[in-house]
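My structure is below; once you've seen it, I'll send some questions.
Labels for the chains are A, B, C and D, by order of writing; each one numbers its residues from 1.
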Amino acid sequence: MNKITGIELDNPTILAAGIMGTTGASLVRVAKEGAGAVVTKSIGPEPKEGHKNPSMIDLGYGFLNAMGLPNPSYPDFKDELAIAKNESNVPVIASIFGGTEDEFVDVAIGLMDSEPDAFELNVSCPHAKGYGASVGSNPDAVESITVAVKDAVDAPVWVKLTPNVTDIVIIGEAAQRGGADAVVGINTVKGMAIDINSGYPILGNRFGGLSGHAVKPVALKCVYDLYASLDIPIIGVGGVYTWQDAIEMMMAGASAVQVGSAVYEGLEVFSSISSGIKSFINENDYKYVGDIVGIAHERI
Amino acid sequence: MNKITGIELDNPTILAAGIMGTTGASLVRVAKEGAGAVVTKSIGPEPKEGHKNPSMIDLGYGFLNAMGLPNPSYPDFKDELAIAKNESNVPVIASIFGGTEDEFVDVAIGLMDSEPDAFELNVSCPHAKGYGASVGSNPDAVESITVAVKDAVDAPVWVKLTPNVTDIVIIGEAAQRGGADAVVGINTVKGMAIDINSGYPILGNRFGGLSGHAVKPVALKCVYDLYASLDIPIIGVGGVYTWQDAIEMMMAGASAVQVGSAVYEGLEVFSSISSGIKSFINENDYKYVGDIVGIAHERI
Amino acid sequence: MYPIDVKIIEIIKETPSTRTFVFDRSFNEAVAGQFVMVWIRGVDEIPMTLSGKNSITVQKVGDATEKLFMLKEGDHLGIRGPFGNGFTLPGRDEKILLIAGGVGAAPLAPLAEYASSIGVCMTTILGARNADELLFVDRFTPCGELHLTTDDGSAHRCGFVTDVLADTDTAAYDRIYTCGPEVMMKCVFGMLEKENSVGKTEFSLHRYFKCGIGVCGACCMDRKGLRVCRDGPVFNGLELVDSEFGNYMRGPGGNKELF
Amino acid sequence: MYPIDVKIIEIIKETPSTRTFVFDRSFNEAVAGQFVMVWIRGVDEIPMTLSGKNSITVQKVGDATEKLFMLKEGDHLGIRGPFGNGFTLPGRDEKILLIAGGVGAAPLAPLAEYASSIGVCMTTILGARNADELLFVDRFTPCGELHLTTDDGSAHRCGFVTDVLADTDTAAYDRIYTCGPEVMMKCVFGMLEKENSVGKTEFSLHRYFKCGIGVCGACCMDRKGLRVCRDGPVFNGLELVDSEFGNYMRGPGGNKELF
C-alpha cells in the first residue's frame, strides 16, 4: 500500500491526465487494467473542442500532441467523474484547468459533488493559449491558484508542473507555498514537427508537446531537482514505459509515477509496471517501495 | 553556395561544437568527410579536464552527455585551430566560453591569431557550473558578453542558445541587441539517467544534456520561434541525422544546420545530408536552398 | 511516424455525394476495414477507411470533406496509417453476408473483392438513399449475389437494407459484415440479436477521432471504454452488447451527442 | 544503452600488479581486442579490454584501478560495450605472431585461444618487467611456441620483447598482433617497418577515452583524426604511419602529453 497525500494506492502507477480520461467508462477500464489510480482529462470552465487535427503524431522515440484541452466542461463531466468514482475501485483524481484563479475554483467546486480523491491543477499544458503553461511559468500565479483551490475544496491538491521554464524548482516551491499537497512533473516539453513535402507544421496547432521516451531524461532531472528542494511528495511523469523506468523515476524522488504515452503500447502497461516494481523490491532486499524513493540523492 | 554572416559554405551542414572538435586533425577529417563548415570544441580561459566518466551514454533515442567542457584552453588550442584553418578548406568557427565578459574576450583575442572564420559563444552548456547556461539564461549577461566579444574581435559572432529557459526568444533578442551576427540553437536539454541497480546517477556529473533524436522537436520549435522574432540568421542544431531532418530545420527557419550526435552514425552523415538537400531542392522546383528557409511560417 | 505524402492520381465521381481519390501509393499491408488518417494540409485530418489498397472514398459532409472535393488530380495529401483492426477475413469455405449502407460500402467493397478472389460464397445487401447514391455496384456485382435497395425506391427494391435482411436466413451464413449509418447498423444489430447471429457479425463503427492511435481517449465508447480507433473500428457484435452503440456518441469535446 | 550490471564472481590475482575480474555475464559477441567501459560507481568509468568473454584483467595504475582492486567477489560493476574494432581474426591456414608486453597480454590471450582452437600455428613473445609480472603464461603456453622475456632477467631471457623480435623472421608470419606499452609498440613498429611487415601487423592502442563511442573526439590521433575508441582500438600498422603514435597522446583536456 502506498499512501500519497492521504490517498491509498494499491500500487504506485497512475494514469496520467489526458490519456483515455474523457469518459467515466474509459477511466474505469484503465483502473481495471491495473492502474493504482487514475487522473481524468483536464476539465475546464467551458466546453472546448480542442485544436484541429492532426492532434497527435508518433515520432517513434516519443509523441507530439496538441489536443488543445478538449473537454465537455465541468457540468457535463460531473457524471463521468461519478461513474469513475463509483466503478473504478481506485482513487480518481480530477485534473482541472482555468485561465484565472476563479475559473480553477469554479471547476473544482463544480466537480466536488462527484467526490474526486484529489485535484490535479494543470498549470502546465504547453499549447493552450491563456491556459496551462502560460499560467504555470509564473510562480505567483501558481501560488495564488493553489491557495485559491486549497481554500475552496476539502481535498488534496496536486499541482502539475511544466518543464518549459528556466527553473522548475521555483515553480514547485511556489506550489508548495500555496499549500499544494504534492507536485506532479512533468507535463509535455514544447516541440514541433514540419512536413517537408508541403512546409506545413504537422500539428493542427502548429506546435505541441513532446511526451514518451524522449522526455524521460528531462522528467528525471526535474523530479530529482524538485525532490532536493521540496518537502511535499513528487509524482513523476514522463516517458515511463517499464518497471525499470518507474524505479528510475522513484529513485530520482518520485513517490509514485504516472503513465501517459506508454498506453500506446497497450493497457497491460500498468500491471506489468506494478508487478515489476513489486519483484524488484522483493529481490533487492528493500522493505517496501518507499525505500527507494529519492535514493539517487544518497549515492555520491 | 550558402552565405551566412558573410561566410561562404559549400553546403549548409556544419559540425556542431564539442563533437570531434578538440584537435585540428579531427576537424580536418570531418571537413574532408563533407561538412560545409566545422565548429571547434568550446575553448575556455583555463585548461579543464572535464567531469569524471561516464560522460556520455547512448539512450537509443538520443544521448545524454556531461563532458564538463574539457579543453586545453586557448593558448594550447591556438595551434590546433591553425591546423584546422590551414588544412580543412572549409570555414572554421571557434566555439568559446567563459564565466565573465572578460574571460570570453580573452579567449576570443587569444585565438584571433589563428584567424577563425567566426566565433560561436557557448552561453548554453547545461552542465558546467558557472559557465554556459548559467550565463545564457540571463538576457543581460548574454547581451553584454556579445557586445564585449563583438567589440574585441573583427569576426562574425554567433551566439549559441540554451533551450532550458522559459522563452528562448528573449535570449535570442538579447544576443541580437548585443550585435550577434547569428544565433545557433539549440544546445542540449537538461536531463539525467539513473542506474536502478545501484541508485547512482549514471553520468559522472550526475546530470547532463540530452541530444540526438529526442531533441529535434524541441530544436525545431526554438528555431521556429526565433525565426519569427529575430532579423539575424538562425543556425539550427538538435537531432539532425538525415537530409529530411535538415530540410525540416530549414523550413522552421534555419539558414544552415549543425550536426552533432548523428556523427555516431558515421561521418558520411555530412555528405549524405548535403547531397540529399541538393536533390530535394532540384526535384521540388526550388531555385536554391535559401528558398525553403522559414517557409513553414508561410503555410497557414 | 510523420504523415506519408501521397499524390492523387485519379479522382472518380462515384455518386453525386461520393468521390474516390486514388493515390500513387498503395498500402498493401492494409486489411479491409482498417482506416487511415487523411491530412488535408491547412484544414484538418480526418479518418477514412481504405476503399482499396490505394484509395479512399469520401462522402461530402462538412468542412474537411468539402476541401477534399476541391482537390484535383496531382494534388497531395498526407496519410497516417493504416490503423485499427480490420475485418476478420473469411475462410475459403465460409458463406458470408455483407450489409452496406451508403458510404458504408467503402470498407466492404475491398472485403468483397478479397473474399471473391479466394472463392468465398457471398451475398451483399447494398442500400442507399436513391439510385444515384448506390456505391460500388460495379465492384459488388462480380463478387456474388447482390441485393439493392433505395430509400426512395428510385431503383430496385424500395426500402432499407433491413427489409432485405428480414427476408434473409442469416443462419445460412458463417460470417456477417456490416457498415453504414449507425441507426441502420443498430437496426441490423437488433434483428441479428433475435436470430442469435450477433456473435458472427462484425460492425464497422465511426466515432470522432483525435489521435487515431488509441491514446487520447476521444473515441471511447460506453460502457466498456472501447477505443474505436484502436480496439475497432471493426467490432464483433458481442462487444457492442449493452454499449452506447446506436444511442449516442461523443463530440470533439467529449460531450454526448444522441443519434 | 544504460550500463549493464554485472556481478564479480571471481577475482584472480594474476601478478602482483594485475587482477582478473570475472563476471556473471558473458559478452559472447565480443571479438578479441574489443573493449568495454567499466563503471566503478561513484568513482569513474574506464576502458578495459575483455581478457575473456566474461572478464577483464586490470593493472593498478591510479585512482579507478585502485578502487577496482578494493572490490570483492559479489560486488558489482556497470559495463557498457563491447565497443570498437577487435583484431582481424586469422584464417585456419595462417601463421601468426603475437607480441605482448605487460598487461598488453590481456587482449592477446583470448586471440591466442581462439586461434589455437581453430588450429592456427602461432608464436608468442611475452614480456614483462620481471618474472612475477609475466601475464597469462598459462594461457599462452598451450597455444603454441612461447618466448618469455623480462626486463630485469628475473626469468628466462633478459631484455625486451623487441630483442626476441630481432631474432625472429617476421616474413614467416601471415599476421602479427601486438599490444603493450606504447614505447614498446613503437619499437616493434620501427623494426617491422624495416622488414616491410607493418601492413600485416595490428596494434592495439590506448588513448584517454571519454565517450568511448566515437562522438566526443577525446581519443583522436594526429594526423588523420582517427578515433581510437571507434576506428580502433586495433589499427593496422599502415594506418599509423606518420601519426602521433609513439610520440604523444592527449590528456583529458586535449593537451598533448609526450611519451
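Worth pointing out:
Heads up, the rule we're going with is that a contact is a pair of C-beta atoms (placed from the backbone, for glycine too) under 8 Å apart; a residue touches a chain by one contact, two chains touch by 3 or more.
Just so it is clear, the model here is predicted, and its values are computed rather than measured.
For the pairs B-C and B-D, the larger set of C-beta contacts lies at B-D. In this assembly, C is the chain whose CA centroid lies farthest from the centroid of chain B.
Note: centroid distance chain A to chain B, computed from Cα atoms, is 33 Å. Each chain gets a centre from the mean of its Cα atoms; for chain B and chain C, those two points are 51 Å apart.
Taking each chain's centre as the average of its CA atoms, chain B and chain D sit 36 Å apart. Once the centre of each chain is set as its mean CA position, chain C and chain D turn out to be 66 Å apart.
For chain C, residues that reach two or more other chains under the stated contact definition are 41-42.
Counting partner chains per residue, chain A shows two or more touched chains at residues 59-60, 193, 198, 200, 299. Because contacts link the chains in a way that matches no line, ring, star or complete pattern, their graph is best described as other.
Touching chain pairs in this entry, ordered by label, are A-B, A-C, A-D, B-C, B-D.
If you check the complex, the residues on chain B that touch chain C are 299-300.
For chain B in complex with chain A, the touching residues are 59-62, 64, 137, 164-166, 189-194, 196, 198-201, 207, 210, 213-215, 217-218, 220-221, 224, 244, 247-248, 251-252, 280, 292, 295-296, 298-299.
Residues of chain D touching chain A in their complex: 41-42. On the chain B side of its complex with chain D, the touching residues are 18-30, 41, 47-50, 52-60, 63, 65, 67, 70-73, 76-77, 80, 193, 195, 197-198, 200, 202, 204, 260-261, 263-264.
Of all residues in chain D, those touching chain B in their complex are 1-3, 5, 37, 39, 41-46, 76, 78, 80, 209-218, 220-225, 227, 250-256.
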